[in-house]
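Lettered A, B, C and D in written order, each chain numbered from 1.
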Amino acid sequence: MAPTKKAGVLGATGSVGQRFILLLSEHPDFELAVLGASSRSAGKKYSDAVDWKQTSILPEQSGAIVVSECKPENFADCDVVFSGLDADYAGDIEKAFVDAGLVIISNAKNYRREPSVPLVVPTANAEHLDIFTDRVLQSKSEGKKQGYQICISNCSTAGLVVPLKALQDKFGPIDTVTVTTMQAVSGAGFSPGVPSMDVLDNLVPFISGEEDKMEWETKKILGGISANGVDFIPVDDNELRVSAQCNRVAVIDGHTECVSFKFKNRPAPSVEQVKNCLSEFVSQPQRLGCYSAPKKAIYVLEQSDRPQPRLDRNRDNGYAVSVGRVREDPVLDFKFVALSHNTIIGAAGSGILIAETLLAKSLI
Amino acid sequence: MAPTKKAGVLGATGSVGQRFILLLSEHPDFELAVLGASSRSAGKKYSDAVDWKQTSILPEQSGAIVVSECKPENFADCDVVFSGLDADYAGDIEKAFVDAGLVIISNAKNYRREPSVPLVVPTANAEHLDIFTDRVLQSKSEGKKQGYQICISNCSTAGLVVPLKALQDKFGPIDTVTVTTMQAVSGAGFSPGVPSMDVLDNLVPFISGEEDKMEWETKKILGGISANGVDFIPVDDNELRVSAQCNRVAVIDGHTECVSFKFKNRPAPSVEQVKNCLSEFVSQPQRLGCYSAPKKAIYVLEQSDRPQPRLDRNRDNGYAVSVGRVREDPVLDFKFVALSHNTIIGAAGSGILIAETLLAKSLI
Amino acid sequence: MAPTKKAGVLGATGSVGQRFILLLSEHPDFELAVLGASSRSAGKKYSDAVDWKQTSILPEQSGAIVVSECKPENFADCDVVFSGLDADYAGDIEKAFVDAGLVIISNAKNYRREPSVPLVVPTANAEHLDIFTDRVLQSKSEGKKQGYQICISNCSTAGLVVPLKALQDKFGPIDTVTVTTMQAVSGAGFSPGVPSMDVLDNLVPFISGEEDKMEWETKKILGGISANGVDFIPVDDNELRVSAQCNRVAVIDGHTECVSFKFKNRPAPSVEQVKNCLSEFVSQPQRLGCYSAPKKAIYVLEQSDRPQPRLDRNRDNGYAVSVGRVREDPVLDFKFVALSHNTIIGAAGSGILIAETLLAKSLI
Amino acid sequence: MAPTKKAGVLGATGSVGQRFILLLSEHPDFELAVLGASSRSAGKKYSDAVDWKQTSILPEQSGAIVVSECKPENFADCDVVFSGLDADYAGDIEKAFVDAGLVIISNAKNYRREPSVPLVVPTANAEHLDIFTDRVLQSKSEGKKQGYQICISNCSTAGLVVPLKALQDKFGPIDTVTVTTMQAVSGAGFSPGVPSMDVLDNLVPFISGEEDKMEWETKKILGGISANGVDFIPVDDNELRVSAQCNRVAVIDGHTECVSFKFKNRPAPSVEQVKNCLSEFVSQPQRLGCYSAPKKAIYVLEQSDRPQPRLDRNRDNGYAVSVGRVREDPVLDFKFVALSHNTIIGAAGSGILIAETLLAKSLI
């Protein structure tokens, strides 16, 4: 069956843009229609404009597309536009697109803290997308296009909030989280990305802005919606304390996170209950039958030395989070190791699954 | 000035043994006198028996020593014996050596939890060595040799307890510690050691027994001595909760540890006070003027992305611990990143510095 | 369509065996019927016996198979048996299987130099398999089973001989080859395999026996068949001089080889002719329509910095060889860089494609 | 004894400049007097201007120097100036310094092919420095300063020409060389230097311009001087054919090179003669008693798996070349593996040793 929706990609030559393109080639729902990049690339065939650095070959059909400038008029036919723009450009361009009535799913950090913009990891809080339902219905009834924007979470946030959300849904609020990450280099792009001198026989115990993002975004994603139904309200700092320590290590793909946490309610569940809850968790995109939805949102691994990034990052094509070593914690209630594919569920893949969820909800 | 004391090494062909030998060659206090290894190696020149894998060349004089079997009578002339034996052999052999009146400083785990055996990181708890003072004096007065044993801590424990001890000395008890480690491969030896498939584009979130060691050893090292002065009493589990998560990463040397902790006393000191305390800490081996003692036991780094293992592990020849990113923690009081050289202050080097301290205290 | 042939795997728990199993699960021609391993594993479910270390999940159906001992009677129903046995065991076991009328395709080195045994890289010299045609026909006509054996080449040989064979077929004999390899660690297995100390901030310019294998196997694969049609005759040392230097580097999968070579005939072709010849080469498995045959046996890359193992090893599922940087050589005629997936076309995958070719030739 | 000569460094904040500074701190002959960098850094204390990335701590005294602009008048007192300038700037600045009567030792590539400029690896062709003897004497007698320039070879050239020169001196011309390099990342600097995506689970079989440099520079270094004594004449292309293939691999420091070569004269020496010649070679800086000269210019290693970069690069502080696996070659006469420290004998260290040689020859 041919795709029914047209998709565009902003920042198409960059590292995130390339992954959007790979994920959209041969997608059953979306046809890759427009590729936007800087004026330096505009007018060239994409295959001539890009320095393709993916492990899969550039799909021929995508390579043949002539690159456009990132202006709303070039994307007027698109039902959804994925943005892999750098933060330096995303602010103005994305706003212009929304103002023009387009639906933007952005990997940039610019609007994540905007109260009216959902910040979404689709296997965690896809219900946040419902905030647009009334407006879209209203606009449709008026024959108008309703522009809106959704932000993809930071890559390191994704692997944390999926298991936390599953647990919170079942056992009530989590009030304390400590997490130390060991993050892959691919998230930093490839040119230059992370210098090799930083990760050969070395690691860097710092990623600029990352800890603050993880701590803040977790509260928005686990949070609620304002009484009037138009804004997102992060969990209050007094209700949920999150401490993140972020490190860059010599791994290509896959963020590993050592997590410990405490429930608000006493008595806390048992280790077995925690494991069962994680393993049995079914996310909204799964229930909606989305094409890229993982078979399981969370895999609980029982081997003592798993998850490992090279062996486990590709479960369910990178849309699943793997959790291992679930055990009691001498300081908080429990600790575990979570692994998520930073460029799939942590970035471009999350954007695709958000779009599929919007489609399933008739929001595009 | 020629060395005045004779030293022996048990397990001389192994990875820890090789490092003892390097550190003892050209040592001003100790003359490398006896090398002990398995019966397969005994009788051979050391240079023929060993598969030397250090980045420094095997010292000629050490290479010429004929290897002995690990029997006390072969080490009778040694003032101190360093053991790099595998745990499989250390139990019986080390006991026999102590019974024969020899002083054993062991890197093996076998006797670390023995109440009467000090577990020492010399820049943290060298005062634990004083437990032997009376017995040594007594034996000397009787013209006898007093055998005793000291255990070197686990490599990952060392980097944690040095800063904690400095802080506890100044600000009173620490009652909660959460630590996630990213540990180098060199600690696992080289043949086979850590398989390359484990750490290329990968990491392993598990090191067998390591978390338990860190949690337990920290309490013994930060703990005290029994009323009768013969046993060590770890800090009670209710007084100090420690949670460790240990990972193996693609680094040759240097364990990086993301630490957060809480003081028992309120109000807690300020970040500046914590940094000053760490930076100004002077360990006992420094005060005693030991040859290998670092200029500073702890370096506090101010750059946002330090310490890093490749750049910082060799401060003061690997005997110093580097601490960076000291900051407030949303969950406990403070967090920081500590880096220690796992084969120096975390293993063989610690043994050498313990011996120097014993010498300065007239215990050998 | 259901598979029509039954396959067995010897050495099923090892690293090569695991790859055979992955490649055979969901194979259209072969049904994975018997798994053979040591007596320690025999009788257990495969999923309990194996320490599965592949990046794809162990297929459920394969995991459920009960492991057998490596005895011919357990494999009597198999149309083909793939051997991933260690060289220590392969000699006797494989001989017993052939004597029992079974068809063995072996990754072990034991019989590669046996004159009567074909040594095959299927995209290079699949025609060597025809040596069995008469015997199989004869046996069939007599209603007997004809046992025979085929050896898979060494992993580093594969990437070299495919382009050399293409060129020799078109431009006549190659009489001089110099090759320096940079080989991935996966070929050495995972436990222990290559120690991490060998390839972190390091490489090892030596792989035991490897250079000799490459130099010798190349001559057998590029060679012919004896007049009486029963033995393989390697190219004479005077007709073809091959010099190999083999190195182990920090790459998971994919052997990179810097090759220079000279044709016997003058004038030599041009660089363009060489590139076209490589690019246009169609191997026998392609012509026979084998399931795993690559779309192209050789890809000629034009970017100046390719092929690279991480980016190019998976072309056509690892069955294609990538060749780049084809240029004139100041010493011999030409030089280029060849890349091949060492566990696919260089090992287990080669075995599968050999079996598919045998099937297409009605030899099984 | 206090240093007698003043030294300056151009490009002091860059990666090569930092290494010059490390090597000059505590140097017995040279006092680090002037540090030159861009106008952005000029006027600042060096410790404030630099992003120090060496594994040794920035020497305090060097850190306190106020950075100057790269103008000859600021370096008027310097007896020698080391240039770590980028090629983009080196051309004009270095010319101005020479014109101003200064002695420049440059790591930049700009003037390497200038016939009148010596291209020197000090343990290979220090005698090329004698070309300045008459001019310096003449200038001294006239009370003038004689400006002149010397170029340090490319890092990959150094490890090749030292053993070749030793052999050529003893056995006559070498007429054919084939070399494949596996080069460390440190030579490319650290910001950005080589991207981590290029060398994690990967290598890049291409370094821009490198093969041409190796092939050409080898001929100049092994070549002679024109009849009138003012120009260097590289070995003719017909007399010496060199083919280089250059690769970037995941190693921090140390270039490994697989070399094969042929002598012009027949009969060729034996393997033993080749090994003895290499091992017994004494370079001019050794004979002159230069401070940094290695104890041996070439170490011949007998273990089958050596040299390895991590284990062997620091022999004699990185000023020695290690050669292993010397054996007959089926194509040319011999092959071996050479290892050299790319930032010591291959770059900054070479510059320092050139300066020491100039001093020993009374040329500064």
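In this section, contacts are C-beta pairs under 8 Å (C-beta built on N, C-alpha and C of every residue); 3 or more make two chains touch, one makes a residue touch a chain.
Bear in mind the structure is a predicted one, so any value in this text is a computation, not a measurement.
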More contacts between chains, A-C or A-B: A-B
B-D, C-D or B-C - pair sharing over half of the A-D contact pairs: B-C
Centroid spacing, where centroids are CA-atom means, of chain A and chain C in whole angstrom: 41
Gap in Å, rounded to a whole number, between the CA centres of chain B and chain A: 43
Touching two or more other chains - residue numbers and ranges from chain A: 53, 198-201, 250-252, 310-311
Touching residues (chain side chain D, partner chain B) in the complex: 53-57, 200-201, 252, 310-311, 314-315
Chain D to chain C touching residues, read off their complex: 176-178, 180, 182, 198-206, 208, 215, 237, 241-243, 245, 247, 249-253, 256, 258, 260, 304-311, 324-325, 329-332, 335, 337
Chain A-touching residues of chain D, taken from the complex the two chains share: 53, 185-186, 190-201, 250-252
